[in-house]
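I have a structure here, written as C-alpha cells, and I will follow up with some questions on it.
Chain naming follows the written order as A, B, C, D, E and F, and within any one chain the residues start at number 1.
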Amino acid sequence: MNDTLKVFSSGSNTALAKEICDNIGIPLSQIEISRFSNDNLFVQIQESVREKDVFVVQSFTHPVSDHIMSLLLTLDALRSASARRITAVIPYYSYARSDKKDAPRISIAGRLVADLLKTAGADRVLTMDLHADSVHGFFSLPVDHLTAVPTICDYFAGSLDLSRAVVVATDAGGAKRAGKFAERLKISMAIIDKRRISDSDVKQGLVVGNVEGKNVIVFDDEISTGSTLVATIQTLERAGVRKIYVGATHPVLCGNAVKNLKTSPITEIVVSNTVHIPKEKQFPKLKVLSMGSLFSQAILRIHTGESVSALFQ
Amino acid sequence: MNDTLKVFSSGSNTALAKEICDNIGIPLSQIEISRFSNDNLFVQIQESVREKDVFVVQSFTHPVSDHIMSLLLTLDALRSASARRITAVIPYYSYARSDKKDAPRISIAGRLVADLLKTAGADRVLTMDLHADSVHGFFSLPVDHLTAVPTICDYFAGSLDLSRAVVVATDAGGAKRAGKFAERLKISMAIIDKRRISDSDVKQGLVVGNVEGKNVIVFDDEISTGSTLVATIQTLERAGVRKIYVGATHPVLCGNAVKNLKTSPITEIVVSNTVHIPKEKQFPKLKVLSMGSLFSQAILRIHTGESVSALFQ
Amino acid sequence: MNDTLKVFSSGSNTALAKEICDNIGIPLSQIEISRFSNDNLFVQIQESVREKDVFVVQSFTHPVSDHIMSLLLTLDALRSASARRITAVIPYYSYARSDKKDAPRISIAGRLVADLLKTAGADRVLTMDLHADSVHGFFSLPVDHLTAVPTICDYFAGSLDLSRAVVVATDAGGAKRAGKFAERLKISMAIIDKRRISDSDVKQGLVVGNVEGKNVIVFDDEISTGSTLVATIQTLERAGVRKIYVGATHPVLCGNAVKNLKTSPITEIVVSNTVHIPKEKQFPKLKVLSMGSLFSQAILRIHTGESVSALFQ
Amino acid sequence: MNDTLKVFSSGSNTALAKEICDNIGIPLSQIEISRFSNDNLFVQIQESVREKDVFVVQSFTHPVSDHIMSLLLTLDALRSASARRITAVIPYYSYARSDKKDAPRISIAGRLVADLLKTAGADRVLTMDLHADSVHGFFSLPVDHLTAVPTICDYFAGSLDLSRAVVVATDAGGAKRAGKFAERLKISMAIIDKRRISDSDVKQGLVVGNVEGKNVIVFDDEISTGSTLVATIQTLERAGVRKIYVGATHPVLCGNAVKNLKTSPITEIVVSNTVHIPKEKQFPKLKVLSMGSLFSQAILRIHTGESVSALFQ
Amino acid sequence: MNDTLKVFSSGSNTALAKEICDNIGIPLSQIEISRFSNDNLFVQIQESVREKDVFVVQSFTHPVSDHIMSLLLTLDALRSASARRITAVIPYYSYARSDKKDAPRISIAGRLVADLLKTAGADRVLTMDLHADSVHGFFSLPVDHLTAVPTICDYFAGSLDLSRAVVVATDAGGAKRAGKFAERLKISMAIIDKRRISDSDVKQGLVVGNVEGKNVIVFDDEISTGSTLVATIQTLERAGVRKIYVGATHPVLCGNAVKNLKTSPITEIVVSNTVHIPKEKQFPKLKVLSMGSLFSQAILRIHTGESVSALFQ
Amino acid sequence: MNDTLKVFSSGSNTALAKEICDNIGIPLSQIEISRFSNDNLFVQIQESVREKDVFVVQSFTHPVSDHIMSLLLTLDALRSASARRITAVIPYYSYARSDKKDAPRISIAGRLVADLLKTAGADRVLTMDLHADSVHGFFSLPVDHLTAVPTICDYFAGSLDLSRAVVVATDAGGAKRAGKFAERLKISMAIIDKRRISDSDVKQGLVVGNVEGKNVIVFDDEISTGSTLVATIQTLERAGVRKIYVGATHPVLCGNAVKNLKTSPITEIVVSNTVHIPKEKQFPKLKVLSMGSLFSQAILRIHTGESVSALFQ
C-alpha cells in the first residue's frame, strides 16, 4: 500500500516532513526548488509521481509569499506529472487570521488562498489548529483539521501539579479555545478582558476569574512577536499569580519574540513544531512537542481510507 | 436611473420588501409563487426584467427549505429572463449558524447554501448581522453585510438612562458582538459564562462582571425559542440586576418563544423586522424597529454605485 | 468488494433503501437528520465513509423542499467526509416535470435541481422513469436511468388475459410512453385526446383507437391527485370498455388521490415503490411492485463496474 | 444606441444575416473565414468589437461540423477582442434532435454543443423552433427561443380556405407541435400513427382523426430528406384527402428532398429561411417566408432590453 | 491489469489505433460513427466502458472539423457511459499551429480546442510533436507529449553516412527543433533564413551555415502542401549540396504535396504515421516509421502508472 | 466618462502608475499595502470602487512572490468591493519565461499564474512584450498585449546613423523578435548561434551574418543579470564590430547587471520603464524610455471601448 504514498517538502518545514516520513517508514521524496535570476521560483519534482498518492508539507512561515508560491508551483507540477491525488499538508496556515471583513474593501485572504490552492491543483488539505474553526468553510476541498491541543494538554498534565492551575485566555476572542483546553485538563479558566470596562478605565487588561496564588497556563493558537503575551504576563503578575506557563500551537516567533520571551518571567513555553524553529532561536525554557507522529498517522489514514476523526476519540 | 431597478419578494418577508419599495418610491414587482399537486414549487416572474437591476428579498424563516427553494427558483427564473444583475437580499440568513465542523461528518451548511445561491444565478448578496463575521468568507459572490446594531443602540440610547446600564452577552461566543454594542453605547459589559469554572460547579451560568443593581441590556444576534434568554434572565435576577432589556437583530421566535417572553420579567425586547412577525405573535413589550430604510438605502447605493460602507460611518 | 459500498437513506424512502440493502446483503448505513429550532436542517453521517463508494437514496416526495435540502446537506457532508464516490439515488425526481419554458420567465427547475446536486457534491445520479427522456440531458453528471415499465408489464402479463387488452395513454404527451408499454405487451394502444377537435367540441376527452368491449390498461408515469385519471376513466366508461386497469411508476398519491381511487371503477392499480406509501394510504386494489431488487442490482453494477444497460436486455 | 450593435455572419446563412441588418438599418459587420492548407479553419474579425453588443448568425447546416467549428472560432475571437456581450444567433440548431439517450452509450449531443458554445465564449443564444422544447434546458446560458409557427399560420390563414382544413402531425412525437399550430388556426387536427396498432397490422401509418375530403396541412419542425413526408402523403392520399399543404420551419432539404418534393402531389410547401436555400434548390411550389424581420426585432429588443416574449403576445 | 484498458479509434487514424492495440495485445474496441441525413454526426460506443481506462485515438486530419466533432462526441459518450478515465490520444494536433495572436481579433485556436476537449470530457491528453512546446501550456488537463524525433534520428543514423551530413531548418522558427535533431545525431546544422537580409535582397532564402558538398537532412514538424519544402530544396541545390533527405513527424500531405515531392530531387523522405497515408498517396521514396510501438508503450505506462518521460531517457 | 476610471498601484512600480495617471489626468487612487507580524500581507483599498472601471498596475519584479501575492490580494479586495471591471496591468510578467515543459515534472508557471489572476478576480489583463507570443494563449481572460519595440526603434532611428547598423539577436530563440525590430528599422540582422556547430567547436558563440565594421544593436526582451549580454558583446567584438548599442524592453537588472553593464564597451543601452529602476541603479549610458503614455492610451481605449490594436497601426 505504502509504495504509492509519497511525501514531499516544499521547503518551509523540511524537518517536520522528514519526521513524518520517518514515522511512516518511507524516504522523503526528492524535489528541487530554486530561483532564477529574475527572482522567478523554479520547482522540479525529482521522481515519478504518476498515479501516486502525494502529500506536500508546507507551513506558511516567513517568507510567506515565497512559501505560498513554491507550494502552488509544486502542486501544479505534481498535477501535470499525473499524481493520482495531491494533499497540501499545511501545518501552519497563516492566512487563517484573515477571516473576516473588519474593515471595508479588504480581502478575506483566508478564503482567497484556499481558492488559489484549488486552482493550483490541490485535491485535499491537511492542516492544524486554524485560527478560527469557520475557516474550514473557506475551502471547497475536503479538509482534515488536526489539533495539537491534546498533546500540549497531556504534556502539562504529566509535568505540572494541576490542582492549583488555571487556564488563561489572552482575550475574549480566545476564550473558546482556552475553554476547550481547560475542559480537557479539568481545571478552571480565566480571561484577560482588554475591552473597555468603563469610560475611565479603557483598554487596560483586567483578569476575569480567580488567578491569585495560582499557577497559570496561558493558552493561545500562535505566538507571533510575543507582545500580546508580554502584556498578558504583566497583567497576570499584577494579579498575583504564582508561576506562569504558556501553551501555543504555532511558534511563529518573529521580530523580538525570542529575546522578549527568553527574559520574561515565564517558567516554560510549550509549543508544537508546525513552524520550524532553527537551533539559534531555541532557548532552554521553550519546549517543542513534535507533531510528526500525529501528522504521519493522519496521512496514513487518509492514504488507506480510515477515519481521521477517530484519531481524536 | 430607478427605472431599471426592480425589487421582488420571494415570499417570506413581503412586508419588509414593500417597505423597501416605499422608501425607494417604486412599486413592488410582481411574481407568482405557487405549488403543484406533487409539492413542486412554481415561480413565475410577472413582468419583464430584461437588462434590469433586480433585487429579491427573502429571509430564511420557517419553512426554511421552502423559502430557500423558492429563492433559488426565483434567481434561476430571473437569470434566464435576462436580468442584468441579480442581488439576493437575505435579511436573515439562518444557515450562518452552521459555520464550522464541531462534529465529524457534517456539512458546513452556511458554505453550501452560499454555493447554491451562486449556482442558481445570484450575482451578489445583501444580508444583515450574520451569526459570525467569517461567514462572509463563505461566499464567492460580493456581499454587502449590513448591521442593525446601530439602530438598536440608538433606540436604547434614546429611551433608557444609560448611566446605570450594562450590556450582557449570553455566552463567551457572543462576547465580541456584545462588546461592539457596549462600545457604541459607551457603557460597560458583562458575560454569562456557562463553561465549567471548577469541577464541583459545572455548567451553571455565572455572571462575569458587575451587574448588581444595574439595568442590563442582554444582546444577541437572534432569539429563537428564547430558552437561552430565559436561562440568562434567571442568572441575572439571581445576581441582583434591576431592570432587564433585550436587544437582538433576528426575531425568529419559534416554539414557545412568544409565550415564554411575554410572561418573563423583561421590561422591553427590541428587535428588527428581518424576520416578519405576524400580528398574532406580537406583544406589548416587543418593540420592532424597521430595517426598511436601511435596506432601501443600501439597495439604492448598490444600484447607483455609491459606497455602502459609507452608510455606517 | 462490498466492504467499500455504503447505502444511506436521506429520509424520504427509507423502506426502499432498506430493501436495497437487504438485497445487497449489507446493513443500511447510519445517518442522523434532524432540525434546529430555527428550522435549519442538520445532517450527520454516523460512520466513516472515507474512500467508500456511497449511495444516498432520496425520493423527491412531500415535503419536497425539505427532502431536496436534506439530500443536498447529505451530499455535502459525504464529500467533506472524503467519500470516494457519491451517487444520488433518486427513485422519484419530481422536478423532471419542470422541463421546458411553456410560459415566459419561469425556471426550468429540472435543470436547476440537476445543477444543485452537482454543486452539493454528487458524482453520479441513479434515477427511474424521468417524466421526459430529455431530462437526462439536464445533468452534467453521469446518469443511470432505470425503468419500472418491464416489471409492471410482466405483472400484467402474468395476471391478465391480454388477448382482449388495450393500453391507453391519458394524453398525446404520454403516447410514446404508453406505446413502449404496448409494444412490450404486444397489444394495441389508444390515446385520450384532450386537445380541441373542432370549435364546438372543445377539451372533452375523445378516445382515439378502438377500446369498446376491451380490458384497458391506462399507463402513465405518475399518479398525483388522480384527477386526470378519474377523468380518463369517465371517458373510457362512456366509450364502453370492460375492465379498467392502471399502471404507473410513481404513486405520488397526494390530495384526495387515495379517496378517489379507492372508490373508482378501476379493477387494479399497479405501481412501484419509488414513492413510499404508508400503511394508512394503502388499499386492496393498489398493487405495489418493489423496485428494491432492480435498484440493488444497478447499484452493485455501478459499484463493480459492470454494464447497467445490460439489466434491460 | 445602435452604434454599439454589430451583427456578423459566420458563413452558413449570410443571406439571412444581411436581411437582419437591413431590417435594423446597419451594415453587416466584416469577418474573414478561411482555411489553412492543413484544413484548419481561420477566423478574423475585421473591425473593432471592443465593448460592442455583438450577434453572430450561424445555422447548423451542411457541412455541420465546419459550421459549428467556425462559429466556435468566431465566438472565441470576439471574446478575446473584448466584445461586451456575444449572442450566438442559431436559426437552425441541428443537434436539438440529439436530445435523449434512446440507445446506450451515446452522447446527448444537443447538450454537448450547448456546453461547447459556452466554453467558446457565447453569453447568450437566440434560436428558433428547437426540435423539442426541453432542449432549452440544455443551455446554461440565457436563451431566447423564437418560433416561425405564427408566421406560417398567418400565411395559410391568408391564402387558404380554412373551413375545410385539418392539420396533420407526421407522428405522435409531433402531435404537440401540430396541436399548437391547429389551435392558432382554430381548426381540427389529425395524427399519423406509425406505431403498431395490432399484431397483424404493424408499422403501417394510420390516420387518426377525420381527414377524408379535407384540405390538410402537414406540419413538422424540419424537412430533411423528405422521406417521412413522402410516406405521410401516401397515407393521406389513401385516406382520401383533397389537397395537401406542408408547413415546416427548417428546410434542411438534403439528399433527394428537392427531387422528391418537386414531383409530389403537394400543392404548396411553406418554410422559413432559417436554412438558406440556394437558387438551384428552389422550385415553384416551395414558398419561403423570411424570418429576417422577426430575428431583427428580437435582436433589437435584446440589445435595448425590451421584452422578447412580448413579440409573441 | 489490461482487462480494464480499452482503446478506441474515432475514425481518422484507425490503422494506427489497430497497431497500438496489436502492440498491447488487446482488440481495438468497437464504436459506431455515422451521420444523420441532416449531417449531424452520431457516435455510439459498442461495448461497456464502465470503470474502464479508455483511450481514444484521433488525429486532426482532413476533414478536421468532422474529426474534432466526432472526437468530442466520443468523449462525451464515454463520460456519460461512466468510463473511469478518458485519455484523448491525438497523434497530430493540427490547431497547435494556431498558437498566438499575430493579427488582431483572431482566436488562439490551439487554446480553444484544448478547452473544448475538457468540456467534452477528456481527463488527459497524449499527443506528439506539438508545433510549439508552449502549446502544452494551453491545456488545463495533464498532457503527455511524445516525440518522433529519436525514432527518425535513429533511422537516419542507421541508414546514412553521417560524417558528411548537416541538418537544415527551413526557417528561423524551426531552428530549435532542428537543433535538437542535430544534437542527437551529433552533426552540425544550418538554417534557411527567409527574412530580409538587406533592402535589395528581400525574402530570398539564404543558407546560414556550411552545406556545400554535404548531404543534408531537412527537418520540420509537418509537411503540409510541401511548398515550403520545395523552395528550401531549390535554395539548397543552389548552395551546392550533395544529397537531400527530409525528416518530419506529421505527413499531412495535402494539395499537390505528393505530386511535388515524388518528382523532387529528394533522395528519401522519412515521416511517422501520426497522419494516416492511404496506399494511393504512398510513393517509393517516402519512408513511414510507425509510432505504434511508442504510443502503445506510453498508453501502457499511463495505464499502470509508470513514468512516461522515462521512455525518452 | 473618466470619473468611473480608477488606477491603483500594487506597489512594485508606483512611478509608472503615477505617470499613467498624469497622462490620463486623474489622481492615482489610494491603497494601503502592509505586512502583519506573521509576514501575512494586508491590502486595503482606501476609496470606494463600487461600479468603477479599475486598473491595477503591478510588475512582477523582485521580490516577485510578494508582488504577485499583493496583486492577488488587491484583485480580491477590489472584486469584493464591487468594482465593475478589474484590469490587471502587468508591464513586466516575469513568469512568461516559464512557458514550456523543457524538463519533466515542472510547472508551466506562466499558465499557472494566469489562472491565479483569474481566480483572484481579474477580468482582463494588459501587459507588454511577453517573452513568447504564445503565452498570450495561457490566459482565459482577454489580454491586450502592448509592445515597446516601436518606441525603442524610433529612439534609435532618431539618434543613430542606421546606414551602417545591424540588429543582432543573442540566440536563435530571439531571432524572430530581433527580426521584427530589424524590419521596422529596415536594416539587416545577424544572430549569435550558441548551439554546437561541430563536435570540436562546442557552445562558443558564432556570429551568423555580416557584422564586421558595423554598428550593432543587440535586441532582447529583457536584461536580467546581463551575463548573456556580456558574452554576446565579447563575441561581437571578436567579430570586429564598430559600436555596440543595446535595446531591451524589461530592465530587470539583477545581480551584478548594473556593475557589468556600466563598465562594458556598450555605447548606449535603451530600455523601457516596465521595471522601475531606482536612482542608485541608473547610470549615464542607460537610456530609459517611458511607457507611461502608451499604457495610459491603452487604458483609456479599454475604458472607452476603442480599438487598442489601432495604437500600433
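Here is the rule we use: contacts are C-beta pairs under 8 Å (C-beta built on N, C-alpha and C of every residue); 3 or more make two chains touch, one makes a residue touch a chain.
Everything quoted here is computed from the prediction, not taken from an experiment.
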Intersection of contact partners for subunit C and subunit E: A, D
Number of hops, subunit C to subunit F, where each hop joins two touching chains: 2
B-C compared against D-F, more contacting pairs: B-C
Where subunit A and subunit F are represented by their mean Cα positions, the distance between them in whole Å: 39
Distance from the mean Cα position of subunit D to that of subunit B, given in whole angstrom: 51
Multi-partner residues of subunit A (each touching 2 or more other chains): 48, 80-81, 101, 104-105, 108, 115, 307, 309
Touch-based graph of the chains, sorted into line, ring, star, complete or other: other
Touching pairs among all chains present in the structure: A-B, A-C, A-E, A-F, B-C, B-D, B-F, C-D, C-E, D-E, D-F, E-F
Residues of subunit B that touch subunit A when the two form their complex: 99-102, 104-105, 108, 110-111, 115, 132-138, 140, 145, 172-173, 175-176, 179, 182-183, 186-189, 191, 195-199, 208-209, 307, 309
Residue ranges of subunit F touching subunit B (in the complex, touch as defined): 4, 48, 50-52, 79-82, 84
Residue ranges of subunit F in contact with subunit D within the complex: 124, 142-144, 301-302, 304-310
Parts of subunit B lying in touch with subunit C, wherever the complex brings them together: 36-46, 48-49, 61-66, 68-70, 72-74, 76-78, 80-81, 94-95, 97-98, 101, 103-109, 112, 115-116, 119-120, 222, 224-225, 252, 254-255
